[in-house]
Amino acid sequence: MKRIAVLTSGGDAPGMNNAVRAVVRKATSEGMEVFGINRGYAGMVEGDIFPMDAKSVSNILSHGGTFLKSARYPEFAQLEGQLAGIEQLKKHGIEGVVVIGGDGSYHGAMRLTEHGFPAIGIPGTIDNDIVGTDYTIGFDTAVRTATEAIDKIRDTSFSHGRTFVVEVMGRNAGDIALWAGIATGADLIIIPEEPFDMEAVVANVKEGYEVKKKDHFIIVVAEGVMSGEEFAAKMREAGDTSDLRVTNLGHIQRGGSPSPRDRVLASWMGAHAVELLKAGRGGLAVGVKNEELIESPILGTAEEGALFSLTEEGKIVVNNPHKARLDFAKLNRSLAR
Amino acid sequence: MKRIAVLTSGGDAPGMNNAVRAVVRKATSEGMEVFGINRGYAGMVEGDIFPMDAKSVSNILSHGGTFLKSARYPEFAQLEGQLAGIEQLKKHGIEGVVVIGGDGSYHGAMRLTEHGFPAIGIPGTIDNDIVGTDYTIGFDTAVRTATEAIDKIRDTSFSHGRTFVVEVMGRNAGDIALWAGIATGADLIIIPEEPFDMEAVVANVKEGYEVKKKDHFIIVVAEGVMSGEEFAAKMREAGDTSDLRVTNLGHIQRGGSPSPRDRVLASWMGAHAVELLKAGRGGLAVGVKNEELIESPILGTAEEGALFSLTEEGKIVVNNPHKARLDFAKLNRSLAR
Amino acid sequence: MKRIAVLTSGGDAPGMNNAVRAVVRKATSEGMEVFGINRGYAGMVEGDIFPMDAKSVSNILSHGGTFLKSARYPEFAQLEGQLAGIEQLKKHGIEGVVVIGGDGSYHGAMRLTEHGFPAIGIPGTIDNDIVGTDYTIGFDTAVRTATEAIDKIRDTSFSHGRTFVVEVMGRNAGDIALWAGIATGADLIIIPEEPFDMEAVVANVKEGYEVKKKDHFIIVVAEGVMSGEEFAAKMREAGDTSDLRVTNLGHIQRGGSPSPRDRVLASWMGAHAVELLKAGRGGLAVGVKNEELIESPILGTAEEGALFSLTEEGKIVVNNPHKARLDFAKLNRSLAR
Amino acid sequence: MKRIAVLTSGGDAPGMNNAVRAVVRKATSEGMEVFGINRGYAGMVEGDIFPMDAKSVSNILSHGGTFLKSARYPEFAQLEGQLAGIEQLKKHGIEGVVVIGGDGSYHGAMRLTEHGFPAIGIPGTIDNDIVGTDYTIGFDTAVRTATEAIDKIRDTSFSHGRTFVVEVMGRNAGDIALWAGIATGADLIIIPEEPFDMEAVVANVKEGYEVKKKDHFIIVVAEGVMSGEEFAAKMREAGDTSDLRVTNLGHIQRGGSPSPRDRVLASWMGAHAVELLKAGRGGLAVGVKNEELIESPILGTAEEGALFSLTEEGKIVVNNPHKARLDFAKLNRSLAR
């Protein structure tokens, strides 16, 4: 393979720039030519494609977001969109593609591969909800941002003796909530992967203040459960009388200078994606498992469950077979006072 | 004066701990005894009062919040509450009090002084809305937190070509919005001290994307104007069609390790408050004006406008005569692209 | 086991407080009593021992260092020291001990176990140089601190077209250098686990500026190789003529609020150490391998190499069989421009 | 004036990018054309000059260093160098120049003005040692970096009961040492503007540990006094027997994302410099005094003392009449335990 392209797709995540840099640098050092595609599949279809060299990725290591920009582009799920994209790849002589993004982006990568343009997926999303990898790029940074934010909220929670419901991101996954919750000593962590009992929550808060003489109470709620506002409303309905406040950490969790771990992971995965393309392989997603890089079928494996399925109307459904670390949920319960 | 007390009142602010430390250390070095009062006026009335020494304020310099805790306690606006508090001060032999807090807290300090217990106010609030000082303790840290958050939001705003409405704190003042907005190059800053035209806002966004080819747009809205959600809803009503998102930075702005500037300011003010009490003075608020410490009548001055007035029913109204730097609002307009 | 103690020993590391908290909370929740020992083995021998409960470890999650303090105490390598320590353990009815520290601390833990006081080791050091675990507590934070520092140095390096030699910690291990070097895109990473050729270094710098038109050059040197000053002196001797500066990051790498990853790892390991003691086990070190907790003989295993050996004079030698990730060293070379 | 240029000179400082952005944006909004000059006066003489527009300064607000790069260029002190620079300005039709840098850079600005090319100076240096302004751009960020670093060192200092000598930057000025020292509660702050007695320092440390039962001791030394290593060596000579360590914070103090205060100050000064040039004025330095912008003769004023003088051999000497806040030095002494 002589010429490859790289794009970022789906929600931006800190570390995407490091992955792009690694793809460009590694490909260049292997004697390949590299093109950048702006705004994901949208840019591919529109021909927003430009040549890159080793220097074009200098000084982006510490920047959040993606300098290639990203976009959601559902049209690429349809054959027509795919063919329009391939037209552009042909025009630029591009033979293979690295797709950095979430599971939605992987579907497009599989279709490109099937059309004869091997594509490799790199898991870039803060949600850590992609199968085939222990960690996604951006997750560690999002946990850091959430942790620093909850540390700050704890200052006010402690100073005023308040209960705080903190909503964190994660789509359908509770990973950000679990890690940031343990890191900040959250009194309760509510995740979509575990049932919870609102009566018990309210009783827990009440016992905390009245019996255990706690001076504050922090509940971390993953967005996949419900919004923080909803959760607090239900607490009040269930009889909570504490001085209750809600904070939704919101979009700050998506940005920021990537953590060293995300930078290293992204660099490592980016370089490996090039090695796979160089070997003529496609339809694979790069992942990290047990501290080593692996590659696996981009649409999921039998034991993990398929990443996608089709509805009767032909719509793509992301199955999200990701499993949360319920041992971490248990750990936090054993450490709460 | 041989024995003084210190309390924090109203919303917590980063730097309050540094002010407490300075009061304790300075008083000790001047041969005075110092008592801490927990939870502001509430703790005073309940007698939650304890002796402190130089060592009791070690290792708190870098912590947000207030380790003396704070509370709102409207009962102290009434004579009955004041007398109950004084009873406790007498019991502990306390002759003067340093009150660290917002303008609500200043009213209590004035009443104590009138009852023969000289009290000195130190402006502790992130809102920077207290007369008699250029800066309040906590403001610089809140601006830093808001700036870092908006820097992160910019990553996603840029990567996705989105318009972000970011709501920041400040009660009735636009100071946090102005400083954080200039620092992050906000395209628009909306503050309560200036009128704005929603049609112009929407036109500005439209022109930004279509004429100036901007790839993102950030609007910082001070909470004193309206909530970010409301603002975005009005934008949509007025015809905005951009990819619009809202983030309310929320309570993270109240916490966090105090900035060096807040630490220095708090240390400086705390030491000065002790000097004033030592000289037998009360009913004064410490402030910084033109890089030097000053003291001024705690209820406001004629030229600045009285800080409080009474309704016919005898309720206290905070007049909030603070003036925003409208030259900064203008500066930002001249720098926006 | 009814009553256990916890201590921190050797160089302090961010996350130690989280491990102490987990030990105390988990033990309490299991119905055990917990004592804290100040200043490591020194405090044990001196009887600086005090009871702890769930509340005594509140609000320490985000603090660097160790609130139990630490100390080096070579006397504990001798039988006499060990017996003096055991005397104190008996006095307080302590039956088992959790030792949080580096490999030097593990030796004492083994001796306690042999004397009938089961002890469990938790790897707490920024150097990541302990066998039996993929990561030590404090490593992730130290990498973050080094990365943030090198990001800052890069600003000046870029602005002035300078070559910077940055010395990072790690004792005999190159792990901090490798991770921080990849994260910051260091042009060269020099670690003790790999030989290097000074002529090649100087040629690399020269080629960078003259052929590749680089505008700056950053070399990360692990302290295990030599000091940054020495390295720069040797570069100059070998003919380097670039505008060369040296920064030794120094002790900032040992402190700071622990990263979420270190907090989670420390919490997890601390809870597990209590489970092991509860089961009556000792002479083990907790570690994380392939994303799961493990325990292994505290003095090292056959396949990894023994952690300690004795000289003819009876002195303890730490063998340091830790292996660096040479694949990471190679990765960085493939990404440098 | 229709066409102006902007350059950064001397040591880089966080906030320089914000000043450049403000110059470009303000000039553009006033209908002027703007050119950037790379690498300060060196780039001017070499003709490394390029047109800029509002968009060329997008997305640099949060970046440390100077994207225009900087360089020291003593040749510009000579007439020959100045004429070569002017030749280039003429070639590009440039009529006025904004010079962002330290006092060395101001001399060149004065010479340009005398040659008929009005130049305005903006004080950009972390050292805060320029007359005509209360604060220089970069100072607040450097204080933040030093404060965060000393906070980290305090963790180890506390955990191990050690004495730390921390060397901070500031050239001949003690401002960084004073602010960071107060912010971190340094036990002693040693600055060039005040004499100190080494015997007293050692006695102070001894009394701290033995009489006051302090568990650690931090001494902040400004580089203008001597190096940290030298200071520690002299302490040992004078009889210090504490567990003494030295850290030189080094170049990290020069980099990093600018603080909000530096960003606002730089934006404000940059816009004002353009207003001055627009009014045809030159030979002035912009400054902030008492919270308002001012301009003053770039070579210093009578009351402050001239910024430069000439030796008999015609060499330029920077007089550095900056005065430290000795009241802050006194404040810190009153707060130390």
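All chains are identified by letter, namely A, B, C and D, in their written order; residue positions are counted from 1 within each chain.
The definition used in the following text is that contacts are C-beta pairs under 8 Å (C-beta built on N, C-alpha and C of every residue); 3 or more make two chains touch, one makes a residue touch a chain.
Which protein is which chain? UniProt says A, B, C, D = ATP-dependent 6-phosphofructokinase.
Only a predicted model underlies this, so the values are computations on that prediction, with no experimental measurement involved.
**Q** Could you name all chains that are in contact with subunit B and with subunit D at the same time?
**A** none
**Q** Report the inter-centroid distance (CA atoms only) between subunit B and subunit C in whole Å.
**A** 41
**Q** Can you give the whole-Å distance between the Cα centres of subunit A and subunit B?
**A** That gives a centre separation of 36 Å.
**Q** Counting only Cα atoms for the centres, state how far subunit A is from subunit C in Å.
**A** 29
**Q** Provide the list of subunit C residues touching at least two other chains, using ranges where the numbers run on.
**A** Answer for subunit C, listing residues that touch two or more other chains: 151, 154, 158.
**Q** For each chain, which other chains does it touch, given as pairs?
**A** Pairs flagged as touching, ordered by label: A-B, A-C, B-D, C-D.
**Q** Spell out the residues on subunit C that touch subunit A in their complex, using ranges where they run on.
**A** Spelled out, the residues of subunit C in touch with subunit A are 21-22, 25-26, 29, 54-55, 58-59, 61-62, 134, 140, 143-144, 147, 151, 154, 158, 179-180, 182-185, 213, 257, 259-261, 263-264, 267-268, 271, 290-291, 328, 331, 334-337.
**Q** Which of the residues in subunit A end up touching subunit B in this complex?
**A** Result: residues 8, 11-12, 14, 39, 63-66, 69-71, 145, 149, 151-156, 158-161, 164, 215, 245, 247-252, 254-256 of subunit A touch subunit B.
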